[in-house]
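I've put the structures underneath this note.
Both complexes below contain chain A, partnered by chain B and then by chain C.
Moving on, here comes the complex of A and B:
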């Protein structure tokens, strides 16, 4: 027989598709591709449901990448949170590539969501991202690749932070400080988080990254903190993610960098998060989230000292109805008194 | 799918995992012949297209030269000098072929068709059709080595598909091959059907279609790797070839 060019090309492509061991998972079409792995939709016969399987890409399937993907699976498994995709299984394909199985999530990427949503809805999504990232920080994990394309907004409003492939464990997280039986304490309240970095620095200093060598630059230009761009993985801490969150905020609210249409307090929030000096940023994702909450509630934000007229305008907008009612009452009362006087 | 008049890879190929390259030096003549037939089966298409592309031989001359090349390779032990430490077997074979073609030209020797050797049943007409369809005639001579490799890959896959067909024929697995053939071997003039459309056509649920496809691909991969291992001169070569073909590393 002869094989036409298109059939040969198709066969070569599908045979590069991963085949999980055993009969439990049936791989279907690819649904996404990142720098390190390809995500396939798959059917889990044992449980009768669709799942997603992330497999190391063939062209990057070296030992370091394998370690990274396995670490990603373990990190995700450790972070049980509504904003983080749960991992069900991890394994090695017959060809030696690492894979892990996770929940199949459907939705829109944040930048797509932002194009059709109101500003307040977009801010609420960013707030949820801050909460999720803050949760990870509390468990000693820094994401290091936060950007709109790594945020998924589901059909029912769920917000998921994806792609923890270059995440770094920076210190002793709360999970590790559990009861010794593998049961960590419940997630801490978001507003009360202490910077992981501070805790790590105070105790032992930044923990070494077993995968990322000094000089290696991992991340996405435009969303990567300066200390990350310098190829100093040891310097990456919670404030590195604060920078990424600020870049996300700026990108989805103001569009391209330099957008001028946002209110000054909001622009000040991302400006503080994007400070080149890590110590000038919000100390934690929770602090950044708290300022976004204040902005949503028309309260003064810590990143911006507003002049009197702006404060008056903000107070007026916040209590507009009540102020108009009081002023109307006073005007009527004055009119009544004036009429009686004459 | 075009039918051929030549050998089928599934029957010609030894089922052992031993390298056929190594077996061409076996003391037993039958083992040597079987190994040699496997090599011819895997490489004749590459050899023919290389002679057509690089040496610009006319189709009839390329056929004669290809036949003569394999006949001499076996009679004179061309491949005995192969050293897996120095190159892949495929590269070595191409070098042998270039040397053979150079000598043939230098001696201004036109081989008479079928002269002196028993013709192997190879589908040169089919190979010629494939070359024409792929636009090889317009390709520059500098790409001829790439064509050699490409045709080798095509031959490898074609043989594995035939082996899969033979494995499924007359068994309950025939439906699996049917799904695979309708979906993965679809040609340009018959667009690849969706899983759903294929399921409706064959009276299968979509999950069954994907299961059959997954099985057929897994089996095809196994057959390909089996052939690749046998055609490689060393384990290192096998791993390198597998990585080139499938983009993955063999553990």
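Moving on, here comes the complex of A and C:
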């Protein structure tokens, strides 16, 4: 027996519907779509507020994807930070698909923001992303899919790192995994994230990346580190995200790879972050952020040894007004001296 | 460095240099240079700390510059009006203009580079 076309279409629509069970959430329109899930705007009747619900897409709703989405929710719940969207709830739809409820964020994606913002404003946003990613690293989480479309800039200056769907939980020692009482772990040693190889090592947090087998390539071309592109998920650590941050920096500052118009120190910063050899990159997102801060403060950056004339130019630009004032003073003195001569 | 301290250091240093510059602009005052330098430095110290204190209270570049100029000019005025005891000559603009520029520099620097004093809770 074959179903008529309209009946099939209706069934497909029903399948794509992601109404959560119960009557707490009223699903509204979709507001975004990722590799695994669709994000809907929804209304939380219990608390009288808008929320976002991420639901596993019907066409990828296999066991692996379900595990990933659930892990994403747990990772997000673990990472309490102003730069990470808070998760309110997690559950399973009537058809078995996993969903989670999070804060509804409004804003522009980084690439859109960068089109109308000044370079220093864009750099400050990237700096905030470095801080957020550094926080995740300190809690044993590597994002692995950092790109401009995963960064949201809110109307009030909020900077949020989105889509932790392929994030990897790595070990930073049992103490660093948190004490279960909401107290965060101490910052890890530089580059100190190491892969967890057994679930027991991460008993206090989400399971350690049980779904990424060697040879699996996860990430976005142009933004994923070579070790990711080669399908070596076990090698992913903080420096993998440093590569992604460098790629973001290059993309939003220079627009296109190469970045000919960018200042050399800035280009050197992303060049170091984008080194094919992980050991040549900045050891952590914090170190990358520190170099961006130095650039913003017109200080020398560690990634670039500047020649004398560039250093002189940088110092002049930094103290331009003060130097002009002193020169004015000297000019006045010389003027009086010259007037005495006449 | 906090704003009053920066004003003090900068005012003193620039005041001393300003006094020393008299050697170039009016070599005939050489016998009195020590007194000129000390007087100019003292003037710079007073102008600097006053400008720094104002800068700590008012966090505004334009006001800081204006205050620096006014304080420096007021402190320079008696020296500018006084005649050189040796020659009887006055150096009004030679003292007022550079002195005011020094005030401008101190006013600018204290606002721009001085660290605000942390608020007590």
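Criterion: the second predicted complex is superposed on the first by the 289 of 342 C-alpha atoms of A that agree within 3 Å, B and C clash if a C-alpha of one lies under 4 Å from a C-alpha of the other, contacts with A are read in each partner's own complex, and residues count from 1 in each chain.
One rule holds in what follows: a contact is a pair of C-beta atoms (placed from the backbone, for glycine too) under 8 Å apart; a residue touches a chain by one contact, two chains touch by 3 or more.
Because the structure is predicted, anything quoted here is derived from the model rather than measured.
Student: Between chain B and chain C, point out the one touching more chain A residues.
Tutor: The partner making contact with more of chain A's residues is B.
Student: Go through the superposed model and pick first if A:97 touches only chain B, second if only chain C, both, or neither.
Tutor: A:97: touches chain B, not chain C.
Student: Output check: A:321 vs chain B and chain C. Expected answer is one of first, second, both, neither. What do you get?
Tutor: The second partner, chain C, only.
Student: Taking the superposition on A as described, I'd like to know which of chain B and chain C A:26 touches: first, second, both or neither.
Tutor: first
Student: Touch check for A:4: first (chain B), second (chain C), both, or neither?
Tutor: first
Student: On chain A, what residues does chain B touch that chain C touches as well?
Tutor: No residue of chain A touches both chain B and chain C.
Student: Going by the contact rule at the top, pick out the chain C residues touching chain A in the complex.
Tutor: The contact residues of chain C facing chain A are 21, 24-26, 93-94, 97-98, 101-102, 104-105, 108-109, 112-113.
Student: What does chain B use to touch chain A in their complex?
Tutor: These residues of chain B touch chain A: 1-4, 8, 123, 126-127, 129-130, 133-134, 153-154, 157-158, 161-162, 184-188, 192, 207, 210-211, 214, 217-218, 220-221, 224, 245-251.
Student: Give the list of chain A residues in touch with chain C in this complex.
Tutor: 321-322, 325-326, 328-329, 332-333, 336-337, 340
Student: What residues on chain A touch chain B, complex-wise?
Tutor: 1-8, 10-12, 14-17, 19, 26-28, 43, 57-59, 61, 92, 95-97
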